[in-house]
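What follows is a group of structures, each given as structure tokens.
Two complexes, one shared chain (chain A), two partners (chain B, chain C).
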Partner chain A sequence: MSEEGENAVASDPQWDEERLARAALGAVIDVGSTSLARLVSAEGAASVWSALRSSGSDSSWTRRARLLDLEGLVGAAERLGSRFVVPGDEEWPVQVEVLDETELGGMGGAPAGLWLLGPGRLNELVGGAVAIVGARAATRYGESVAMDLASDLAAARDGGPGRAVISGGAYGIDAAAHRGALSGDGRTIAVLACGLDQLYPRGNAGLLRRIGEQQLLVSESPVGTHPTRAGFLARNRLIAALSAGTIVVEAAARSGAANTARWTAACQRVVMAVPGPVHSGMSVTPHRLIRDQMASLVANAEDVQALLAPISQPVLLGVGGERRPLDQLGGELLVVREALPGRGTASTDEIAVRTGLSVADCLASLNELEDRGLVRADGVGTWLLARPSRSTVR
Partner chain B sequence: MSEEGENAVASDPQWDEERLARAALGAVIDVGSTSLARLVSAEGAASVWSALRSSGSDSSWTRRARLLDLEGLVGAAERLGSRFVVPGDEEWPVQVEVLDETELGGMGGAPAGLWLLGPGRLNELVGGAVAIVGARAATRYGESVAMDLASDLAAARDGGPGRAVISGGAYGIDAAAHRGALSGDGRTIAVLACGLDQLYPRGNAGLLRRIGEQQLLVSESPVGTHPTRAGFLARNRLIAALSAGTIVVEAAARSGAANTARWTAACQRVVMAVPGPVHSGMSVTPHRLIRDQMASLVANAEDVQALLAPISQPVLLGVGGERRPLDQLGGELLVVREALPGRGTASTDEIAVRTGLSVADCLASLNELEDRGLVRADGVGTWLLARPSRSTVR
Partner chain C sequence: MSSASAFSVALAGLEGTLVEVEAATGGGLPRVVMVGLPDTALYQARDRCKAAVTSAGLSWPSQLVTINLTPATLPKAGSHYDLAIVTAVLASCGAVPVEQTHRLVLMGEVGLDGRVRAVRGILPGLMAAMAAGKTTAVVPRSQLSEALLVEGLTVWGVDHLVDLIEVLNGRPVISEVPSTGPEAVEVAGDALDLADVVGQHEARFALEVAAAGRHHLFMHGAPGLGKTMLASRLPGVLPDLELAEALEVSAVHSLADEQLNDGLITRPPYCAPHHSISLAALVGGGIRVARPGAISRAHRGVLFLDEAPEFGARALEALRTPLESGWVTLGRSQQQVSYPARFQLVLAANPCPCGQAGSAESDCTCAPMSIRRYADRLSGPILDRIDLQLQLPPHRTGLLAGGSPGESTSVVAARVADARERQRHRLAPYLAATNAEVAGATLRKRLPLPEGVELLESALRRGKISARGLDKVLRVAWTIADLAGKDAVARAHLRTAMSLRRGISESVAA
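So, the complex of A and B:
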């Protein structure tokens, strides 16, 4: 990283070469590029970025690379108060790594890095998070259901926090979901298809500003980026990957929410849909998803809770009455435990796909969790959550 | 059959000993009695009735048998214009024989016979018939959906008749289903839990009278019978068995429609449910059935048609452009063909359960249908409908 324009930020120890290269790649490469993700994973971001900048070829990527004012971009992002997280950072959500194994409509790959704005800690928020998505032109019925679901799911339960509600900050269902979570002092994340300084759509700027101040805004794209169609599709993959499950509240026959549902299924997360009146055009996609068994019907927050693994929270263990809160578990252990369904069992392979971890890492974590009495092997290669007994006598 | 009071009807050649015995048993034995069905099947109705009448024991069945005025009952039924069909009659719906293999809540067994009133021919009407059931206290939404579904499904299609709509004649969804079928000049059957002279509930007497004059009323119980709770449950099993599938339109958490849905599943028929607003108490049972994968979501008549085998109707066969109408098929062939799903395959065992025929009879019929080019074996022990090509060249 020897280009002169990058010397100032490059001298900031937080902005090491790899991080700068990831920010640069995120700025010049089309979002959701499977080939970029593969290259970065194989060769490291710094090497890919260096090759791109010095390439003699004339492609849209190399042209953009030569034109990029990386120092200006990082400076603007820092003035906005945003931060950039990359794999290996504590705040990096390992959940998105499932995207390295997932392709849909020619798109895939984990983002090179994520821009964040707000006091929320991304890695903590996404544990057990639920996405609530749907039509911009939602009905009052849909907005009311989205708001109720978000409020109920985000509300504190059993002394622990509720589920963070993830959505895309758009008009209609998205905004209702964010507002519902906020209304009950719950946690919410808006994943944007634009730079964190853009706050698109304009009519939701107040809501998005509040989320940036009190909660968390997330984007794969740097400041200054305007939303594009490809950007919206790439954003949908992030919403799907960051969540334990996605609820489609209302969506017309052709809709972005159906795309998010497909990403959710591709990421092996739980796809849920809310029924509505059969005459409503806005319930066409939820009904089709349920009819074709691509989504489970959810009519209320209880239905959602039954489909998702319990959110991590302090639980009583059965051994000697000792309290050992689950949130003392390390990142991987927590991720693996959360990948287990609330009801029923999952195979090691399924858990690997859900978590984005290798099968070997999953097995190691599952055995560690078994030692701690938090999961049980059922003897046929699958795993289930161990329900801690409140009694110390088994 | 030598008791003097029965001589008059016994001398009518139509009322042979077996038929009279079945009418008598239907009048004195609790409806839906599995043990009666087994006895009659093993020993014949005349023998069971004779044993019951001459029994010295004092049970409710023997007391009722001694008190029964069989001639009076048959006379009243004939004055009403009703007829009594038993196994072996052309109009007997072999579909109900699945009940001999089906038990639910201590109830089961095919009826000893069925009382019919109206110009409709039961055996013809039940081919491809669809049940539409639900709450008495339905909402306007539910009644409107029931009426639309019934009207669309009962409407003539492709030059053939539509599906007969079967329901229970009750207030709310049932009445809307019957009215919807009638509104489009479709066919409908009301299966009552009371005698055909009772026309319960009173508020639907006009509708039921019209069905009895223009369509078909069906009951397992003789004239004079008042509806009982057990009678309603036994009636639900008949609705389920007579239909290729049952649609639950609206039903509260505890409801008779849920019972009909269970009977439908037990009879291996298709269970369908209509979604609605999640705040509506009347959509609780449909949503639960869909959520728990006990029912398929149907939002319109097209969804229903895709789940049910095509109703029998003239089709073009691919051989030499020859037209050979399906309704030239004999009873068993027709029943077996209708037991095949509209999409996908069914095993011989499944077809046996759906039709109430023995596996051997099903195999014979399937091979005959295969010879006629109407079904295809897929090579792994399952069968599917052969789609006739309009072209004579394959």
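So, the complex of A and C:
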């Protein structure tokens, strides 16, 4: 049955023997298997596949190879509207080939091929792309930082498109990064650990569907694959390899984001981390990465641009000198601005006491300062000074 | 064979129907037959009434007594028909004059010793009887003050069947009391004063805005910041109920088995059920007769749900329709009843199940996904209807020294009353009394647009607020303008309103 099926698909000129073999290997082999990747690059996918199918030995791979309904799989993928890219295709991201020389925790190797869904062109998107990853149970602080970073990095600049934001589509930081990129009409890629028809986690299905319709969904696994623990770790290596750098925003001591950071370092990409409150458990991983000098500290999009910019295009760090936003503040705004501590936070009550203004007036001034990018609300009801950036001053 | 009749009232929700109790005596072996869809409590009235009549020194007819309750198809429940049954039976056997009985409406339960006991639903029952043309009522003496709330009704309060028989015979030892309708009773000042709340000026301001515009309010914050203290002081700053509202509220409370000994309820009620409350106790329920629940007891007042995520999805979902319509309709096999439930919702929530997430001093022991699930329990349709969401920051200094005392309830209540008056004046053409009730389209298209509307457009474009969030900002901005005594929304009012919404993740609130 599967013999006939393969022949039927094989008659489709798009599906040559090598491509079919890669799709088949992607379906039966555990993702992130280094031994397979080595074999495929040495022998070619077609011969590895036929050897696996005709092998008399009884291993989990050969059993799965014999049971695979390849035509059904390809048919389902095409009905979903997804496409399969392999090395040599125009859309194939050469960036992932760094994985052939990278191994971490017994995993590694470039994927046999990638399933894609959405109008985005993967090879164009990944040039200069930046990954933003972090905790699922993120705090408001983390989500707002991730959203601001993604929105600023993905925003168009100098006449060209901004950086594509890559993440894993999970709750918390991942979702905030995707949403941030989408909010500014920027570009984003969700790399999933499941088949492109699964849209895990279910709570983000709406977001992922939108990315699949307007942007790009990527997965190493064929349709119908459920996410597994190993699948998530293998997915992290793809996020790391596809991007020019990875930013970790909020992650607890044990977290997938720490794994992605290790992959990023292993792939010789730039690891960045956003600091958080030292009392928060969600700050442990980013702080450890910075302390161990594995990651550079970044606080805003300019910091990231400076680290990722090609050496030929230096980006100036810091605030511009010619226009000082504070000079333009008048009256109550300046009074309220001055009532905020240089470091740390103040509640609305404290600001009202220091300025002698009513709570309503303080709130109005704080909102205007927030619009001008001089003040930020944190997630727990208090306010802090924001470093003014030229892009947000009006 | 002789017959006589008396009247009582059947209640379905607040709707009362006059019920004629007919009694026929004679023509068979001595027994009592009751027809007309009585429930168990009513069916047992036979035995109660028989014993009570004997205790009162009269004899129960030793003939066939047939008692019929009409309209016969209407289901009847409860023990308040006892007085009408006794009256009809006594009149039918000639123990009291027949002419008197049919003009009376009687509500009350009798004890075996002839005492008359209190029953629920006196106020709505007599209001219905009055509307049906009855002008004289007999009620338990302990509930005389409640019965007198119905204007124009002449009321007899009886302690014992002996009193009733004297009234029926036209030689009462007690005197009838003509009702002059509800009198304004001077209510002793609320024990809970806003001045007791230390600090939390922003939260107090939000509470004032909530009170003035009747906005639903959600307070997030760690335990011990005074969320409950603030919520329990909200009814104190709300204006007095208007007469029609007060009657409605008193009627519901009468049905909920509360004694209205202090006269009409003129202050907005406050109801703060514990999170272990059953669904039936929250929205109303019962096996054959649905009785009002906490949301109806909070009608025209405040419903405070502390630890809101603990209430569970079913309870929170059940609030959706009442929040929208102001009514809750409960279906039972025999009848469907509606109770008013136009409450102002105040929710409070800790950041996580253990309450310590986000706190600098102590460790949160909750699993990451349980924190997210905890917050998610409240997401969606309920939060959509809440205009004000507030983050309470932790106390730092000034608890003992230097914390300036806040304004007292009476000062705030005066501002709230002025703001309400402005709203009533402005919103009368749009069939709303408060800013929270104004429809979104009216807000955007028919009321004057605020100065600085481009602020909202830019916030919308940047994804800072959602389309629904925009309506909420507008509503709250109007209330802030009303509190400031301004006739139009200024830029500053909009900015204050947007500031009050900070920290709300629009992906959740949208």
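Structure notes:
Everything below uses one rule, namely that the second predicted complex is superposed on the first by the 307 of 394 C-alpha atoms of A that agree within 3 Å, B and C clash if a C-alpha of one lies under 4 Å from a C-alpha of the other, contacts with A are read in each partner's own complex, and residues count from 1 in each chain.
FYI, a residue touches a chain if its C-beta (ideal position, glycine included) is under 8 Å from a C-beta of that chain, and two chains touch if they have at least 3 such contacts.
Just so it is clear, the structure is predicted and the values come from calculations on it, not from any experiment.
In the superposition on chain A, A:271 makes contact with neither chain B nor chain C.
Touch criterion not met for A:29: it reaches neither chain B nor chain C. Legend: residue contacts after superposition of the two complexes on their common chain; A:296 is shown touching chain B, with no touch to chain C. Once chain A of one complex is fitted onto chain A of the other, the partner contacts of A:173 are absent, as it touches neither chain B nor chain C. Within the superposed three-chain model, A:117 lies out of touch with both chain B and chain C [touch as defined at top].
Put chain B and chain C next to each other and count what each touches on chain A; the higher total goes to C. In the superposition on chain A, contact of A:363 is made with chain C only, not with chain B.
Once the two complexes are laid over each other on the shared chain, residue contacts for A:190 go to neither chain B nor chain C.
Within chain A, the residues touching chain B in one complex and chain C in the other are 277, 279.
Of all the residues in chain C, the ones that touch chain A in their complex are 199-202, 204-205, 220-221, 358-360, 363-364, 368-369, 371-372, 376, 390-394, 396, 404, 455, 458, 462-463, 480, 483-484, 491-493, 495-496, 498-500, 502-503, 505, 507.
By the touch criterion stated above, chain B contacts chain A in their complex at residues 141, 145, 274-279, 283-284, 287, 290-291, 293, 296-300, 303. The part of chain A that touches chain C in the complex is made up of residues 135-137, 139-140, 143, 171-172, 175, 179, 183, 203, 252, 277, 279-281, 345, 347-350, 352-353, 359-361, 363-368, 370-371, 377-382.
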